[in-house]
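Heads up, the next two complexes both have chain A, just with different partners, chain B and then chain C.
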Partner chain A sequence: MRPPSPSIPEREFALSALQQSMRIDGRTLLEIRPINLTFGPALGCVECELGKTRVLAFIDSKMIKPPEERPLEGIISIHSEISPMASSAYETGRPSDEEVAITRMLEKVLRRSDAVDRESLCIVAGQRVWHLRLTLHFLADAGNMLDCACLAAVAALRHFRRPEVEVVGEDVITYDPSERPPIPLAMHHTPYVLTFALFPFASTPAPQQTKLSSTHVPTPQLANSSITAVLDPSPLEASLLPSSSPSLLSLALTPQRELCVVNKAGGVPVSPEEFLWLVKVAEERVREVEACLEGGLLKAKAEAEGIGSL
Partner chain B sequence: MTSTTTLPGEIVPAQHPNLKLGPGLLQSISGTSDSATIVSTRAGELQHSANRSKWWIESNARRYVPAAQESVIGQISGRAGEGYRVDIGGAHNASLDGLAFEGATKRNRPNLKVNSLVYARVSLAHKDMEPELECFDAQTRKAEGFGELKGGFVVKCSLGMSRRLLDPNHFLLPLLGSRFPLECAVGMNGRIWVDTKSAQNTIIVARCIEAADPDGGGLDEADVNKLLNGIQS
Partner chain C sequence: MGSRVEILNDGGYRSDGRRQFELRDIAIDLSRHGQADGSAMYTQGLTEVLVTVFGPREAKLRSQTIHNRANINVEVNIAAFSTGERRKRSRGDKRILELGAAIKSTFEPVIQTHLYPRSQIDIFVQVLQQDGGLLSAAINATTLALITAGIPLFDYVCAVSSGVHSTHAMLDLTTLEENDVPHLTVAVMPRTGKITLVTLETRLHSDRFEEVFRIACEAGKVLHEEMRNAIKARTSALARAMGEGHPAGAPSNREGDEDFEMGDD
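What follows is the complex of A and B.
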């Protein structure tokens, strides 16, 4: 069942509120919803909540024989199927446009940008490599599942530990986690995805004396911009965009100011100044997201060590 | 009033010569009329009126099941001959006759666009039939507030929250009304239409309803007051 399009009053109100730089959920235009990461009992099992959107990422590893053409590299496969569990808008067996978009973007962000060092996943050249299988379970869709899925996936990759192995002659010895501590994945960089919804009108700056948001984030303003960018769009905000060519801009970038992927499929034209400004805004937000992930990882590590020492 | 928690399938000790069953209760088919057993069909709190003649189960849900005489907020999803198809959040679309408005005649009847909102009363709700809506009071045939909703915004909440907002003793709407003027229509299908003078106030109402929703934040009066002070300062 397709979700019904918003009613005329809802659409008009949401658009007029955006023109006054206000959002229904009280955020500022360039604010993301609160992130909550839960590191599961297993290594590489992370549940990411972005507002009410929830995605569970799980990684498991096994040893396989590498394909002939790439004998020195491990394999990472991503499985992301959106089931009707997320929302009644999705059906099994028939991928929606959104699902295709999310799968392609995940592929680009995690595999094609070489986030994980695949050569370090090689055990014996041409004989044994690690195969990492990343499965994403979309638990609840409350808008912007792409950002949530990417964050869950990155968090899972950072949380995951593979067993220590040793090559003795022809044999490969796998050590139990109790014998030798498992080792984290070698990662080149940790990309985070941020999605903007772009509206073809200029918005007046938010009134300063009132703050609808509890955490007021100061954002640099761009003068004379003819577009309004909205970070982390809610389902209502996303449905205001024309469905034929939704003007969504997804940026994948690292806290070290590396831009990995830019994805914008049609929609409102963006001038170079506006684009650079959006990247700058995303840079700032990415640092917040990173702080959240690093804090969560440290806490998860401390907890795991606490259990281990008992 | 007392309340006990019941689960679906439990036998409810409801006995009264003039027994009236509310939502969540069913007369079991096996029983005869004088010794009929009442079975609950929902999990929730069993409640009854002071003279034990009316019984119902109070529970919270998000999925609306139409019941006759409930006022709902629907979204026109299409035209069907003389009338309209209306999405009221239930399993099926409801039908709204083009003549089911105050003063509507064959020649003069409202012209509603697709995706506009109506406040209507469920006039027919049967498990084997499509629900039907009417936009006037059954006795007076006057609009009594029903009809198309123009402007404003729709807040979605749990069914329990919309029932609470209809309770005149509930704190939220009087509290908001003491701060700024607002117009509000509560649909029993978990949709609440609000309109105020400024977009900011409408957003405040929307956020307060979400915060007070037992299925969401579940804040009480003092906490909502605190939230309001924080927002409006």
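What follows is the complex of A and C.
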């Protein structure tokens, strides 16, 4: 069952607030909700919270015989079914358009952009390769599940360690983690996804910032913009967009200013200048996300070592 | 795999003899297709797409009617023989669903759907051959088919694919080039110069992206000229047929016959 669309007063209130560069949840237009990553207990098990949206990513690995056409590459498979657990809007069975969009985007970000070096997952050419199985559990949908799911998946890939193996003649010896430390995955790059919702009206510049925290990054400004871009849209903001053609722009990019996936299909038309401005904004914001993940990984590592030394 | 092919040689030519910013031959056939209200056969190099448009008409399913605007239904079918190796894709294939969804959401804000409440516009995309730039060809063909169907649009939508080989931007890639270089598809609305669709699926530095993105925006305007000429040629053929007033006119007037009779009623 779809949740009811917002009432007319609620809708008008939210839109007029956006026109004045304000959001109902108190964020500025280009601010992401707080990210909270919980690592463990197993390696490759990460729960990512983005505001109240929660996604759990889990990776396990096993050895398989590679398919004939790609004997030198390991396999990564992504399993993500959105169950009614996340929100009553989702049903089991036939995936909705939204679900297809999320799974396709995940596939593009993690697989097609070659984030993980698949050749390093090969053990014996044509005989044995690693098969990584990434399962995403959507625990709660409070808007923008795509960004949350991608962050969870990337964090899990970074956190995961596969067992050390050695090839002796024909045999493959797998070492227990207590014998030899398991090794992290070789990653080419770490993409982070940021989603903007675009509204077809100009907004007045934001009121003077009152809270100037140390993490605050100055946002590049664009003059004479005819659109209002909202980063990390909440469910209310997403429901203000026309459902037939939601004006969402999803950018997957690395902190090294490389774009991995850009997806804007239809919706509000933007001028090239506005589009490039949005890319610049995303480049700034992605550093915050990266700092969050790197900080979390360091902490998880320190904790794991603390347990190990006891 | 493709890395043994020289994408851009020292002389500045590509593997099929084109220059960096040269588009492939474009052929547009707007002659009527069966019972469709509008159709367009769009050929760009070896990529060939046939789009037929039906409607606005009553929706087949009552549940699909929207009380204040027209519903747009896009169905994509990729012929099994369209690629080098014969491959049947089921209709539920994620890639096909995504292609259909991209076309639908691109045209939703462009078609003046509010003029046709409680009706449906069906767009059938049939991919006959593919050699790169499938999404852009499908979008261009859909624009043309919608125009021949007489459905009011706010603007043309002109899409073009482009890519980057080391530091050189290239336009309108073939499959061979798509396998090798990062590429993106951009759809432009030429009247306002605004962008409705951008897709990129391979890693590309944002400085390079900016460069190729701007070139693609320009290329969209060139395509617009091409598409407008095709529409103008057809419309003037129709108008001429109406002026002559003889149904049994020259062979080129064949398409105009019924339109003349309709105007006569």
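Please note the rule applied: the second predicted complex is superposed on the first by the 300 of 310 C-alpha atoms of A that agree within 3 Å, B and C clash if a C-alpha of one lies under 4 Å from a C-alpha of the other, contacts with A are read in each partner's own complex, and residues count from 1 in each chain.
Just so it is clear, contacts are C-beta pairs under 8 Å (C-beta built on N, C-alpha and C of every residue); 3 or more make two chains touch, one makes a residue touch a chain.
Small disclaimer: the values here were computed from a predicted structure and weren't measured.
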item	value
Fit-or-clash call for chain B and chain C when the two complexes are aligned on chain A	fit
Touching partner for A:P9 - first (chain B), second (chain C), both, neither	first
Which of chain B and chain C A:S245 touches, first, second, both or neither	second
Contacts of A:L157 with chain B and chain C, given as first, second, both or neither	neither
Which of chain B and chain C A:L185 touches, first, second, both or neither	neither
Superposition-derived angle with apex at the Cα centre of chain A and sides reaching chain B and chain C, degrees in steps of 10	100
Chain C versus chain B, contacts on chain A by residue	C
Chain B versus chain C as contact partner of A:A17, first or second or both or neither	first
Which superposed partner A:C260 touches (first chain B, second chain C, both, neither)	second
Overlay on chain A, chain C to chain B nearest C-alpha distance, Å	12
Contact residues common to both interfaces of chain A (with chain B and with chain C)	none
Chain C to chain A touching residues, read off their complex	72, 94, 97-98, 101-102, 104-109, 184, 189, 192-207, 209-210, 213-214, 217
Chain C-facing residues of chain A, complex	97, 100-101, 103-104, 107-108, 112-114, 189, 242, 244-246, 249, 253-254, 256-272, 275-276, 279, 283
In the complex with chain B, residue positions of chain A that touch it	4-14, 16-17, 20, 22-26, 207, 210-212, 214
Of chain B, residues touching chain A in the complex	75, 77, 87, 113, 115-117, 149-154, 193, 199-200, 202-204, 206-207, 230-233
